[in-house]
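In this document, chain identifiers A, B and C correspond to the written order of the chains, with residue numbering beginning at 1 in each.
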Amino acid sequence: MNAIKITNFHKNYNSVEAVKGIDLAVNSGELFGIIGPDGAGKTTLTRAVCTLLVPDDGTIFVDGKDVVQNVARIRAILGYMPQRFSLYPDLSVEQNLRFFADLFQVPAQEREERLAKLFRFSRLEPFKKRKAEALSGGMKQKLALSCALIHTPKILVLDEPTLGVDPLSRQEFWQILHKIRDEGSTILVTTSYMDEAEQCDRVALFFKGEIVGLDTPENLKNHYPFPIYKIYGGDLRGLKSFFDTLNTVHTSQLFGDALHVSFAEEPSLTDWKAWQAKSGGNLQRWVHHSPSIEDVFLELLREQT
Amino acid sequence: MNRQISVYTDQLTRRFGKFVAVDGVSISVYRGEIFGFLGANGAGKTTLIRMLCGLLKPSGGEGSVAGFDIKEKSEQIKKRIGYMSQRFSLYADLTVTENIHFYGAIYGLAKEEIRQREEELVSQVGLDPYMNQMTKDLPLGIKQRLALGCAMLHNPPILFLDEPTSGVDPQARRGFWNLLYETVQTGKTIFVTTHYMDEAEYCHRVSIMDQGKIIEMGSPSQLKESHKKSTIQDVFIALVGGEKTDQKE
Amino acid sequence: MKKRHNRIFAVVRKEYLHIIHDYRTLFIVFLMPVAQLIIFGYALNMEIQRVDMAVIDRARSPKAQKLIEEFGGSSYFNLFYYDGRYADIETLFKTRRAKVIMTIPRDFDRRLLRRSMVPVQFLIDASDANAATLIRNYCNQIITNFNLKTGNRTALPFDLRRTIYFNPNMKSAYFFVPGLIALILIMISALLTSVTIAREKETGTMEQILVSPVRPREIIIGKVLPYILLSFMDGAVILAIAKFVFQVPFTGSLLLLILLSVLYIITALSMGLMISTVAPTQQVAMMMALTATLLPTIMLSGLIFPIASMPEILQYFTYIVPARFYLLIVRGILLKGSGFVQLLAPSAILAFMSFFLLNVAVRKFSLNLEK
């Protein structure tokens, strides 16, 4: 059985189609990522899974139960961490946690053990007396996660948990998510950072309310059809104009100190030598570059249009 | 190569009481360069930028922006810099035209100039269908280009950008950076602060800041090679993460 | 010089756009004072109408009948005859059937003819002391009238009469409506500006305009100007209601009233701006603006409680309440027809307050940037 099964899910806001009929199945015990830019429909999808939105069309089953008909039962097995910081800023770390424990009626005998475990997980123990508003961005997110985990949910839904959090805390956050997954929970997480796709078991690439790609990050990258090279040189803009004239060049993009070029077919050493000569010594160095999820995403969008 | 310096600091320091937010920072940013400032929240990026923009007085050290001393000439500096923060720059409850005219006017541009710049912006960014819409209803990519346009209305030689492309789709992001590359081509200098490491890859040079100090500086490739990491993100984590896990004690 | 003017105007224009785009707030700005004025105006009415009065008429004579008619004819009383046992009259009060009981003695006519003192007894329910005082005053007034009509006056050696100036009918609306003008103007004005800077701090646009050549002073002035106009329009609506709904007389110069009202508005706006510079969020700013305006204006300005009857320490506090001075102005102009010369002192104080508050706002604002 799928932990989450979404079939032909549609949602409109006024006349705007936020989600345009998607199909998605999240396996039990999987860390599943929904990757897409702002406005792609990620929040709409997570809210619908959490029974906070009623689909305009299609069905969503969570743990085998329809989200429209089994609101209470689903909420009991679901942990949800919304995008906006949704804890009480004037309560301490521990008070927030205990409040959520009360809310989900965590039995008294399990409670202390739960709290101790969450404190260990999040390393928030030394800060448990601190008010939530005085925490750093990364710590706030860890506290919010802990609150979503207090009732040991089978399924955890996180909406952009790493938004605005600095890279170190983001990395730590993902490590925690891996641990939770390893203990058997299913996790559905959204993010707008393409590079975070690598942290997930499987990802769906979201764009304008549709899924443009769905697979493991490895497979997505392996199926990227074009060889990419990082090209270094004196005048990168000049190099870019030069490569853009070549038929074999698929795309080119300037970066800070290199030009990324994808080719329709693998260039031979003779090709490189010829280009080097033509560029008048401007072309200095080329390195093979493995595609990133961002490259894959862009290619999928290009194929669509 | 003799390059012109746009932003220069020498041992620039700022204290708040006992806390040292910026601790002896020395940098030189050259004309035509996109220079990235990376750091966690609270590393001192904001304080440094505020000093360079003339909003904060340094506690020690020297600094100049566009050739003007940051301690004495903050009025002169303000006329020569543009500032854009993707999330905050625009008034959400004003229309596109109203935003443009407001920002033009506070920089003291004449009506004619504003109108001319507005036309340029409209064609450049493709704003035509949005002119009379409230800014809050614009697509993110458009909003971001408009914010950049508003920051550049007075044609400043130096631009400060704060996390300019977070959350934008990759297409719009690449388009935006291409726009920035064109901009520096005309002799402007761009200063980017961010804690999104993939934005760092687009900069010509980056510096990594931690606890008020600059702990590493160089081109993205140099940094990755010298630390033997495949991404700037990994370089950053290796450099900053070794010391501690959270910046608040 | 020319450029600077331009920048202030840019801020003014932007604030104006914020105002007109947000028509819900605009609606509230105009509807709230109208509603408040009408609700407060009627609720704070100190007149009592149709007081239930039980009459125990032991005389049953034509003269007694005349006295009863005098009471019955006024709109203040609602009469009924009581012929139960005199010992049970307390129950009239307890069951709230009557608030006052008038007993006319058996020999009423005879004593009246002899022109001696006639003891008509009034028993008044004093559980609400203010109401009791009012009822007693009404009774006195009607008895006086009765005496006049029956020619009793000539018989008395003195005639003691109070004359009330400026508000001859003791209309409480005349007294309260000017006070409400003071209250509503300061509340709306301070609320409006208190959120403006806090809002920009919250959204982050403040950072953006601060890195531009605009100076803190220009931002503050640019933010005050459009709200002067808005608050002034609000004031005009309130004055119109005062005149046409509550029929408050406009004895003095309307122009003077308008000019001094603008001065008062500026004081209130400056107060709001000062709050805005220190408040971190819009919510805090609003709370601060309400606390700083509502209670002091109601309690300490002389709006309801006369300043002279306050404890001495509180009296000193009244000097920092702008409404105290505006009340002198608005009551003076509306009811007494005072001219500018008589109102010079309160006007000067308001001007000083505005100047002071605005300066503090600019200074605070510039200082906060350093953090």
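Operating definition for what follows: a contact is a pair of C-beta atoms (placed from the backbone, for glycine too) under 8 Å apart; a residue touches a chain by one contact, two chains touch by 3 or more.
Predicted model, so just to flag it, every value in this text is computed and none were measured.
Student: Through how few touching steps can chain A be joined to chain C?
Tutor: Graph distance in the chain contact network comes out at 2.
Student: Taking CA centroids for every chain, report which one is farthest away from chain A.
Tutor: Of all the other chains, the one whose centre lies farthest from chain A is C.
Student: Report the chain ID whose CA centroid sits closest to the centroid of the full protein CA set.
Tutor: B
Student: Sort the chain pairs by how many C-beta pairs are in contact and tell me the top one.
Tutor: By contact count, the leading interface is A-B.
Student: Distance between chain A and chain C based on Cα centroids, please, to the nearest Å.
Tutor: 60
Student: Determine the centre-to-centre distance between chain A and chain B, using the mean Cα coordinates as centres, and give it in whole Å.
Tutor: 26
Student: Whole-Å distance, chain B centre to chain C centre, using C-alpha means?
Tutor: Chain centres of chain B and chain C, defined by C-alpha means, are spaced 54 Å apart.
Student: Could you pull out the residues of chain C that touch at least 2 other chains?
Tutor: There are none in chain C.
Student: Along chain B, where are the residues that touch chain A in the complex?
Tutor: Chain B reaches chain A through residues 34, 36, 39-42, 139-140, 166-172, 174, 177-178, 181, 185, 195-198, 200-206, 219-222, 231, 233, 236-237, 240-241, 245-248.
Student: Quick one: in the complex, what on chain B touches chain C?
Tutor: Touching chain C from chain B are residues 16, 53-57, 75, 78-79, 81, 83-85, 87-94, 98, 101-103, 105-108, 134, 160.
Student: Residues of chain C touching chain B in their complex?
Tutor: 3, 6-7, 9-11, 13-14, 17-18, 21-22, 203-205, 207-214, 369-371
Student: Please give the residue numbers of chain A that touch chain B in the complex, ascending.
Tutor: Within the complex, chain A contacts chain B at residues 36-40, 123, 135-139, 163-164, 166-169, 171-172, 192-195, 207, 232, 237, 253-258, 294, 297-298, 301.
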